[in-house]
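Structure provided below as structure tokens; questions to follow.
Chain nomenclature is as follows: A, B, C, D, E and F, assigned in order of appearance, with residue numbering initiated at 1 for each chain independently.
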Amino acid sequence: MFSVTVREHLMIAHSFRGEVFGPAQRLHGATYLVDATFRRAELDADNIVVDIGLATKELAGVVAAYNYRNLDEEPDFAGVNTSTEYLAKVVADRLAERVHAGALGEGARGLAGITVTLHESHIAWASYERAL
Amino acid sequence: MFSVTVREHLMIAHSFRGEVFGPAQRLHGATYLVDATFRRAELDADNIVVDIGLATKELAGVVAAYNYRNLDEEPDFAGVNTSTEYLAKVVADRLAERVHAGALGEGARGLAGITVTLHESHIAWASYERAL
Amino acid sequence: MFSVTVREHLMIAHSFRGEVFGPAQRLHGATYLVDATFRRAELDADNIVVDIGLATKELAGVVAAYNYRNLDEEPDFAGVNTSTEYLAKVVADRLAERVHAGALGEGARGLAGITVTLHESHIAWASYERAL
Amino acid sequence: MFSVTVREHLMIAHSFRGEVFGPAQRLHGATYLVDATFRRAELDADNIVVDIGLATKELAGVVAAYNYRNLDEEPDFAGVNTSTEYLAKVVADRLAERVHAGALGEGARGLAGITVTLHESHIAWASYERAL
Amino acid sequence: MFSVTVREHLMIAHSFRGEVFGPAQRLHGATYLVDATFRRAELDADNIVVDIGLATKELAGVVAAYNYRNLDEEPDFAGVNTSTEYLAKVVADRLAERVHAGALGEGARGLAGITVTLHESHIAWASYERAL
Amino acid sequence: MFSVTVREHLMIAHSFRGEVFGPAQRLHGATYLVDATFRRAELDADNIVVDIGLATKELAGVVAAYNYRNLDEEPDFAGVNTSTEYLAKVVADRLAERVHAGALGEGARGLAGITVTLHESHIAWASYERAL
């Protein structure tokens, strides 16, 4: 199994609802390092997993939709706790849509899966892994 | 599949028995960066994998039992080579006990597995992965 | 010249005023890795720059005052752009007050200076350096 | 499942053929951080996955064969795009040959698999995973 | 003293002349992580050291002039050993020209100095520091 | 001013004397990442600060003298608290001796200074800087 990973980052404000979150129930924020991993069993005709230029561009596009925003005010996230693990799924699902729409190139239709990891600090990170 | 990882560190002395260890047969020591990853298929009612505050607290508790110690003198490790990979298993098993005892919260009973990675330097690390 | 550095982190929301900030004029947030460096010409009687336990505790105390907050609503920062470089100065000045008040131990009165670095992402960071 | 990883690095020149590579079709180069992970279900009689000294030595040997070279002129790679993901497979396959030849010790014959990750920058990396 | 640092990267081929370089006399290559630090004594009217957006754009522009190239064939470097430390100076001097030309904004004319660090691997890096 | 830095690591056991050290008064250990920085105002005839091969070899030699040892039993450190900051000075002084003895090459006699940084974990490090 082969994989390729590209990294972006995302700076947002948000708050959480639920006692489990303690002081993070207040409006605060985070920088997320966003790592998107694309997997497949065999390389394509160019000997690659995915066009790394397109992968970087599409990941940047997904991230840009939320960058420099207060997630509490985003309609997509109404009534949702935008935890690191949940946001990893959001990024992975958006990337999957772009793969299926052909935005990562025709060769990318051979991708088997995507994993997205969001690092919220040097001591905590979360991942979501899905098939394509 | 979702996961959340938290990082702690551990500073210990120890020695190894067996020619394969070369100069590491002498009493020496290590700083281990300890990454504990908790996995589950679905998020809980708070939209998280595990309470990251409790996960951090319990990992710190597991690490504290061995921190600033000479492992050669710990009864738990009598006659055992406390290799990085072995210590990864020790930390994972101790965390599993705490999950089963409810120390990571009721929601954590839905966890599917734990992986622990110990970095012994910038050029070597080891992991142990288990189900819950 | 000797120095010792300890790392903490800080998660806040804020916004900027001024066209130079572009999309960062919107309410967003950041995780800052906060590195505090303490400098002196000679080691103290214990052969150290500063008690690393106290340094860590006091840095954590300084950071806790702003952690999980919206800096736009903090009276300390009314009418101020809380840029990364400005926040580095805030942390350094708060630490200097604590050094002068004896919170880092009597030996710490021999410190010559403090540098604080805040990393806002893997590709951008800022520092402030001052004498004591 | 246990694993041990060791890190080396490799500095090479090469070029790519195919429009997908854009400016990387020109002769350029890369530093690859090369992480080799060895996996097995149970530890051996010394309580380890593999002799980390031998693992480091053999990874260095594999890397040395290509280090400080122009891959475009290496007979092994004639007509091949030496992408990061492809090179990860090359390193993994060379390590597998050495495991099978006994170069990583008799105990290493119990290894279940190898994963090799090549980091081409702080924002892009690729992996190849195989059984032994 | 305040500073702000931004990071880019650069992938090039080159070779060295001189026995001191050993195997690096062959055509090979490197990924350089390029950190550009801008320093000044006081913040500007926006409470910043430099417009981080412009700093990032101009550093990217400086790097782009050499990216994906064989430095042995660049007229700028004819007869020159393009060592990591030398390239750090090249990047710093190009940035200084851009500061003086106003490309980093009018406020950037108040900058006191620039330091550029190039990381050639996880175990080696070089810097050049200059006044403005 | 130019500089070049190379990284090694060191794994030792030791203990501290003095209440300030708390639990670190017990026999424990550490992995130190050891960064040695060599500085000079002008590059030498080969366009470098120092032969990076020799710098790496000599740093490794300095580190090897203490690697895999219990510093409490080293005659060099009898009655001394081997704090991270103190060990940074030890490494810097040993390197300075080697520079003066010509072990880093004739060109290295032009070096102006050395800084050594020891990282004891991902959240704490110490440095010592000296002239040559």
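Some observations on this one:
The criterion applied here is as follows: a residue touches a chain if its C-beta (ideal position, glycine included) is under 8 Å from a C-beta of that chain, and two chains touch if they have at least 3 such contacts.
Worth saying up front: this structure is predicted, and the values here are computed from it rather than measured.
The chains that touch chain A as well as chain F are B, C.
Taking CA atoms, the transformation carrying chain D onto chain F includes a rotation by 180°, reported to the nearest 5.
Over half of the residue-numbered contact pairs of A-C are shared by just one pair in D-E, B-D or E-F, which is D-E. Farthest chain from chain A, judged by C-alpha centroids: F. A separation of 27 Å divides the Cα centre of chain C from that of chain E. Centre to centre, using the average C-alpha position, chain C and chain D are separated by 41 Å.
Shared interface positions of chain A, i.e. residues touching 2 or more other chains, are given as 7, 122-123. On the chain D side of its complex with chain B, the touching residues are 1-8, 43, 46-49, 51-53, 56, 105.
Within the complex formed with chain A, the chain D residues making contact are 18, 20-22, 80-86, 88-89, 122-129. The residues of chain F lying in touch with chain B in their complex are 7, 9, 11-14, 23-24, 26-33, 67-70, 120-123.
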